[in-house]
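Just so it is clear, A, B, C and D label the chains in written order, and each chain counts residues from 1 on its own.
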Amino acid sequence: MMIQIRFFASLREKLQLDDCELELVGPLSVEQVWQKVTHDQPMPANVLCAVNLEYVSLEHEVTGGEEVAFFPPVTGG
Amino acid sequence: MMIQIRFFASLREKLQLDDCELELVGPLSVEQVWQKVTHDQPMPANVLCAVNLEYVSLEHEVTGGEEVAFFPPVTGG
Amino acid sequence: MQVEIREADFDPYAELLQYQTKMQQGGQYGATTIFVGSMRDFNEGDEVKAMVLEHYPKMTENFLLQISQEAAEKWSILDSLIIHRVGEVHPADPIVLVAVWSAHRKDAYEANRYIMEALKSKAPFWKKEFLEKGERWVQQNTPGR
Amino acid sequence: MQVEIREADFDPYAELLQYQTKMQQGGQYGATTIFVGSMRDFNEGDEVKAMVLEHYPKMTENFLLQISQEAAEKWSILDSLIIHRVGEVHPADPIVLVAVWSAHRKDAYEANRYIMEALKSKAPFWKKEFLEKGERWVQQNTPGR
């Protein structure tokens, strides 16, 4: 099962990673997803994470078919 | 010395008093002004009073030349 | 800082656009808060057909200017505008417009609410409602409601 | 209840007039509160020439709709409207419009501020500022400021 991974704003520029896909062999926490796709780059303390367009904690597990997004603190309004 | 007296809104209608003048022989509190011009009608507890367009308490003294206004609770906005 | 009493119907959004264009402070304010009070067709269980707003000329303007100045002392604001109707109004007509321009939203929100609460509790305006049967003076404004 | 992401400049006052006309609830609402956030030409000691607003499509709309619904559950409101710009903006351009219609002012003020604070703290938008020399991402929004 595949998952889609997206990065936004300063995080995308800093990591120089485009949106990508990852093949899952078993369930992964979003923190483990980060480790895999960034090749173990340290995660900034204030990174926010969403799965299927909803905020989740880093312990949230994905099992396949999800869209996982990582982004910096929001600055809208 | 004369003072001008004005009544507004429900108070004007209830008292059936138009704006009027009063000749002062000495200083009067606004409460005493009320008594004179209304011929001792009881003053409703929530009456507001202004002298020269500024809120004052009923003890405020007028000495002549002022505009004294009595009105009910305000209901603007 | 401007305060106006209007004897005819006004469009708050057209007024805002016009005032803001004249202000020429675009780029300085990050936050604009606006309150528009409009006439409701229902009050205290009765249908209201029309309303007449009386005021105390000059004292009203003085008072509104005074609360605008108080707001400008308490909060960091760039400008403010108050427009208030008098005379006969009908359901849906705008009655009051309060606008505050500030660099930041906290000041803009708090100053706007301060002005409205002061206006509601102390500005010398009075409303008389015309119902299907008869008329009545509104007794008082509810604090903070 | 409406939520919109705009890719082009908008006039908040024209939008309000249009939305309110369509609402057809005149006479029901006594209180309309409006917040307009505009681009400032100055931030953290630097002149800002332009800004690019990025967002997370779909998540943004979902989130804004969710906070509109939360506001409608917490307060008694008749309708609400949120418009938020994305793309390139310049000083004085409107960035966000939040409007709330209610019978009474307390609900309208509180619901509007609730929506703005939630939007500022959690709606997935990001600002990149363009200065005289170089560019930078805005690091974070200040709570309640």
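Note that a residue touches a chain if its C-beta (ideal position, glycine included) is under 8 Å from a C-beta of that chain, and two chains touch if they have at least 3 such contacts.
Computed from a predicted structure; not experimentally measured.
Asks: Going chain by chain, each one touching the next, work out the least steps from chain B to chain D.
Replies: 2
Asks: How many angstrom between the C-alpha centroids of chain C and chain B?
Replies: 27
Asks: Between chain A and chain B, what distance separates the C-alpha centroids? Give it in angstrom.
Replies: That gives a centre separation of 72 Å.
Asks: Any idea how many Å lie between the Cα centroids of chain C and chain D?
Replies: The answer is 22 Å.
Asks: Using mean CA coordinates as chain centres, what's the chain A-chain C distance in Å?
Replies: Result: the chain centres lie 48 Å from each other.
Asks: In chain C, what residues contact two or more other chains?
Replies: Answer for chain C, listing residues that touch two or more other chains: 37, 105, 116, 120.
Asks: Do you know which chain B residues sit against two or more other chains?
Replies: Within chain B, the residues that touch at least two other chains are 77.
Asks: Pull out all the chain pairs that touch, please.
Replies: So, checking each combination of chains, I get A-D, B-C, C-D as the touching pairs.
Asks: Along chain B, where are the residues that touch chain C in the complex?
Replies: It is residues 6, 8-10, 13, 46, 48, 50, 53-55, 69, 71-77 of chain B that touch chain C.
Asks: Enumerate the contact residues on chain D facing chain C in the complex.
Replies: So the residues of chain D in touch with chain C come to 11, 13-14, 16-17, 26-42, 91-92, 103-106, 108-109, 112-113, 116, 120, 144-145.
Asks: Show which residues of chain C lie in contact with chain B when the two form their complex.
Replies: It is residues 37, 53-56, 58-59, 62, 84, 95-96, 116, 119-128, 137-141 of chain C that touch chain B.
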